[in-house]
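See the structures that follow.
Presented sequentially are two complexes of subunit A, the first with subunit B as partner and the second with subunit C.
Right, the complex of A and B next:
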């Protein structure tokens, strides 16, 4: 039990930046480059942490609160979600609602701190982010409702618990739809191509990156780390759906989970390499499409 | 195993329905219908096992639905030089929502039908209904004649899925006749679209109802 808790915390604290490194490396390999070392995100975080803050005189405490909330919220969410077969440290009935809305809280603060700078570009980015977020939320909720229906429990530990193995046999079709829908959610929430480009340097096309333009030094490190944590947390949902088996040995479970996460990171890298960014007007269409898919999955389960 | 494979194929068919309802690119639309045709061609084999009857049926379905008709349609849009469905009667997102509504409706409705026991749990009938209605929706909401042809094709695919359930009872000639009919229909439509384009320099069907000196 204690060992599982320890493993859970270790994965939360140390593992996430590696995922970013894997994504970057995959993209580099696709482009025929060698790419930065896999541990580059850790070096980046270290470098950023040693720099000083540069804070505009026009900003208020909201600007400083943004990155902190952006780091703490994914940490809290990470404590609610089981990593593969390792159960979550905190679990209570209805924590799936908290899980979904923790992200809304983080988004609220990131958007507010972007608006707080008074820059028009950041306002634009905030508007876009919020628009897309309210289209993603129903997808995530419907996906969780499907899992509630299948498991009969109301906590994330039950939703992603042992029932999954039998559910794949009885309701494989709708679980497959969920995997598709959740992968899209993962891409949108983590600002990945085809929805948003994390590497773009053109303000007009940026969504998430433009909101954090004015953050520097440790604040930016917190944002980066928070973003990688978010990738881990949402990816954990997907990994558990794809690999529903328990081995009984916590160490093996942890390794299986991390291998699953790395696989998802590679998948994201592949998607980013082979797809172009979508037009802004197409994004809501696609997001509503995925909402439809998750509703459809619910109908399949309910009938 | 076979039932699961069949369900997977049917699920992909439904997803392709959604895709055609949501996309504005005609080439992508036609390609999606071609893939749908290819998937449908697998269904007789999956549903009834390997036999001469199902083999012939699959072969013709593959040839006509997945290869011939899409090629014809692609050639037509190359000749009339249109790429996109610009302004549908109802927007893309509302049609997508309607499509999801209709699909959900079909899945719920199929539960209340007095089916024989072996078809009760399978996805065949709800998918057939959903595909049928999606095609109908596409037929109603789009302006370009070519998208309407695609809608007609999807509608026919829905009927085909129904037909597969009966294919043990239905003689091969009837099925071949249906496929051939559709083939001729699409051929004629291709010619008609070309004619419309030559006459009005557009393929918007709404122009056809306007009087001309």
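Right, the complex of A and C next:
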């Protein structure tokens, strides 16, 4: 029990930036380059942490609240979600709602902090972020609803618990649809191609990167770290769906989980390498399509 | 009971002495405010006595009006509505002292305070009356007092128009209520309301439900009956809007809750009707809000949205009762009732802070503001708290009530009957409403308070006075306390839910206690860690060079007017909802390689009122005028013919 808690916390605190490194390396390999070292995100965080700030004169305390909430929220959410077979430290009936709404809280403050700069560019990013979130949130909820129906429980530990092995046999089609829908949610929420491009800073088609344009130094480090945590937390949902087995040994479970996460990072890298970014007007259509997929998944388990 | 009643009387009469005092100094105002607060405290003491002594909760007295006795009872349901009402009324009085002082508004301030007291007393009676006639009496006083409050500034054309629409709407609703209570009298033989769960199903049951839905729905603002709401809330002074939006429209919800509690059995379709109405009201309420750029109209549409959320909870509760799922009924009703309380708190907070903004800038147009956080740091922080709360985000109170409704919908999901599991669609709808509300409040907070000031008026505002701040701060503290200590409020909800439906199943609320404690702990942790981190970040960043401009991507001379506006922020979402909104846009075309100066404006009128009802009524008015000139033509002999015809018709009818 204590060992599981320790492993959970270690994964939360140390593992996330590695995922970013793996994505970057995968993309580099696809492009025929050598790419930066796998640990580059850690070096970046360290470097940013020691830098000073440059703060626009238009901004106020709201500007600084964005990165703070953007870091605290994924940290708290990480305590609610099981990492593979390692159960979540905090678990209670209805924690899935808190899980979803915590991310909404982070979005509120990130978007407000973007508007605080008074730049029309960042206003654009904030507007897009909140617009697309409206279309993603129902999808995530539909996915969780399917899991509630299959498991009969109301906490994330139950939802992603032992029932999954049998559920794959009884409702495999619907779980497969969920995996697809959740992968799209993962890509959108973590600002990945084809929805958003985390690498370009000057394109009019960006969403998240444009919102954090004016942040610098430790605040920007918090944003980077928070983003990688978000990738871990949302990816954990997906990993558990794909690898529903328990080994009984916490160490093995942790390794299996991390291997699953790395696989997802590679998958994201592959998607980013082989796809172009979508036209802005196509994004809502694709998101509504994904919602439909999750509705199909629900219909399949309700019939 | 004597405390409760005398408190109501003091509140009702609080504005009266001021009428006989000078309209140039503020003695009358001080008198009215002290009386109103005194009355509020007395009423509150009365409520406290009720909770400890069961004998205090009922007042019976004979009266000369036929149809039962004078009966006032304070039960758990009334209590849930009365407590936020007292708080919001007191805060609205305190806020009004500096917001609408006698010396600045000598022409209408005395009238305002008279009706402010009257409406409060009437609301308290509406929430406790157990006799149909007493209910209708206080309902009508409430409706008329609110009409005079809405038309406080009756020198403005828009205000008179909004007031007139309200008057028509509220009386249409009252008409339905007259029929409703007549039918109730018919089926239980007295104007006194029967005990909960005792009214047997009969021929008139359906009629009673539909009349209640129409009459009370019109007051609550369920779409498409919301027509009066945006205009009226925008026209009234802000501290009055807080009371109207926070409390008065909830009397409609109270009516629905009370009437549905009377029946012994409930058909399945009642719950579905409320759920479907709730979905429409919630989604379109917030979509209309997104399209607005008048601050108070926007907040008014959010009231419509929140009424939709409450209707969703109530619908789930009705489903639970008719399907024999007590857990669903309890959780749904607990969510609906707690959302009534929560919306009263955060919406009045938002209206009060909007009032402070309008007081400082002199406009309601969001696009004329910007950067107000510098001149109004307190108002900005308080508005931010209200905005986070209304989006249903943790650690505030809105999250708790929505959490109850979600929990209820999960109970429906795991039921094996497909007709019930479909009620789970409430959950994604709530998520969509939450997402849209978030977009809308990021828009309002960002455009009004953040960025650079768009006009000189926005740059040179002043913050709310100390008294106004205190009123808002108390409301915010109430929001936060429900968000962080939700388990303290669960027993009250359980009592109310059990008073609504005398069935077992209260355990569902008790069982959620553990979860509520966890939510409270995590919310506290969230605030604590954010506080620590911001303290640290502030210390590290205070050495930073803060004189840099925002990076304009290479463009060196950005102006404040180039910032994103309310319309541009909401554009993508408004376009997604164009099938229901039908926004109209004018101008904005650019022609040629070197386009000349051009204008652009967008406007979203209310589809039901401006596109359906008003044209329809205009045609009706023309037809009626034509009919009148034809019938009433001034020829006396024809008038005599009418009399004869009427007599013959009456003879035929009575002779049958």
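Basically, the second predicted complex is superposed on the first by the 302 of 303 C-alpha atoms of A that agree within 3 Å, B and C clash if a C-alpha of one lies under 4 Å from a C-alpha of the other, contacts with A are read in each partner's own complex, and residues count from 1 in each chain.
Definition applied: contacts are C-beta pairs under 8 Å (C-beta built on N, C-alpha and C of every residue); 3 or more make two chains touch, one makes a residue touch a chain.
What you see is a predicted model, and the numbers here were worked out from it, not measured in a lab.
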Taking the superposition as given, does A:284 touch the first partner, subunit B, the second, subunit C, both, or neither? both
Of the two partner chains, subunit B (first) and subunit C (second), which one does A:98 touch, if any: first, second, both, or neither? second
Comparing subunit B and subunit C in the superposed model, the one touching more of subunit A is C
Can A:5 be said to touch subunit B (first), subunit C (second), both, or neither? neither
Given the touch rule stated above, what does A:271 touch, subunit B (first), subunit C (second), both, or neither? neither
Have a look at where A:213 lands relative to subunit B and subunit C in the superposition and call it first, second, both or neither. second
Is A:28 touching the first partner subunit B, the second partner subunit C, both, or neither of them? neither
Pick one for A:115: touches subunit B only (first), subunit C only (second), both, or neither. second
Tell me which partner A:243 touches in the superposition: subunit B (first), subunit C (second), both or neither. neither
Subunit A positions within both the subunit B interface and the subunit C interface are 284, 303
Touching subunit A in the complex, subunit B uses residues 4, 7-8, 11, 14-15, 18-19, 22, 92-93, 96-97, 99-100, 103-104, 107-108, 110-111, 123, 126
Residue numbers of subunit C touching subunit A in their complex, please. 370-371, 373-374, 384, 387-388, 391-394, 399, 402-403, 406-407, 410, 413-414, 418, 421-422, 424, 427-429, 431-432, 434-436, 438-439, 441-443, 445-447, 449-452, 511-512, 514-515, 518-519, 522, 525-526, 529-530, 533-534, 537-538, 540-541, 543-553, 558, 560, 562-564, 568-573, 576
Considering the complex alone, what residue numbers of subunit A touch subunit B? 172-173, 176-177, 284-286, 288-289, 292-293, 295-296, 299-300, 303
Along subunit A, where are the residues that touch subunit C in the complex? 52-62, 64-65, 67-69, 71-73, 75-76, 90, 92-95, 97-98, 100-102, 104-105, 107-108, 111-112, 115-121, 123-124, 126-128, 130-131, 133-135, 137-138, 140-142, 145, 148-149, 152, 154, 202, 213-214, 217-219, 222, 284, 298, 302-303
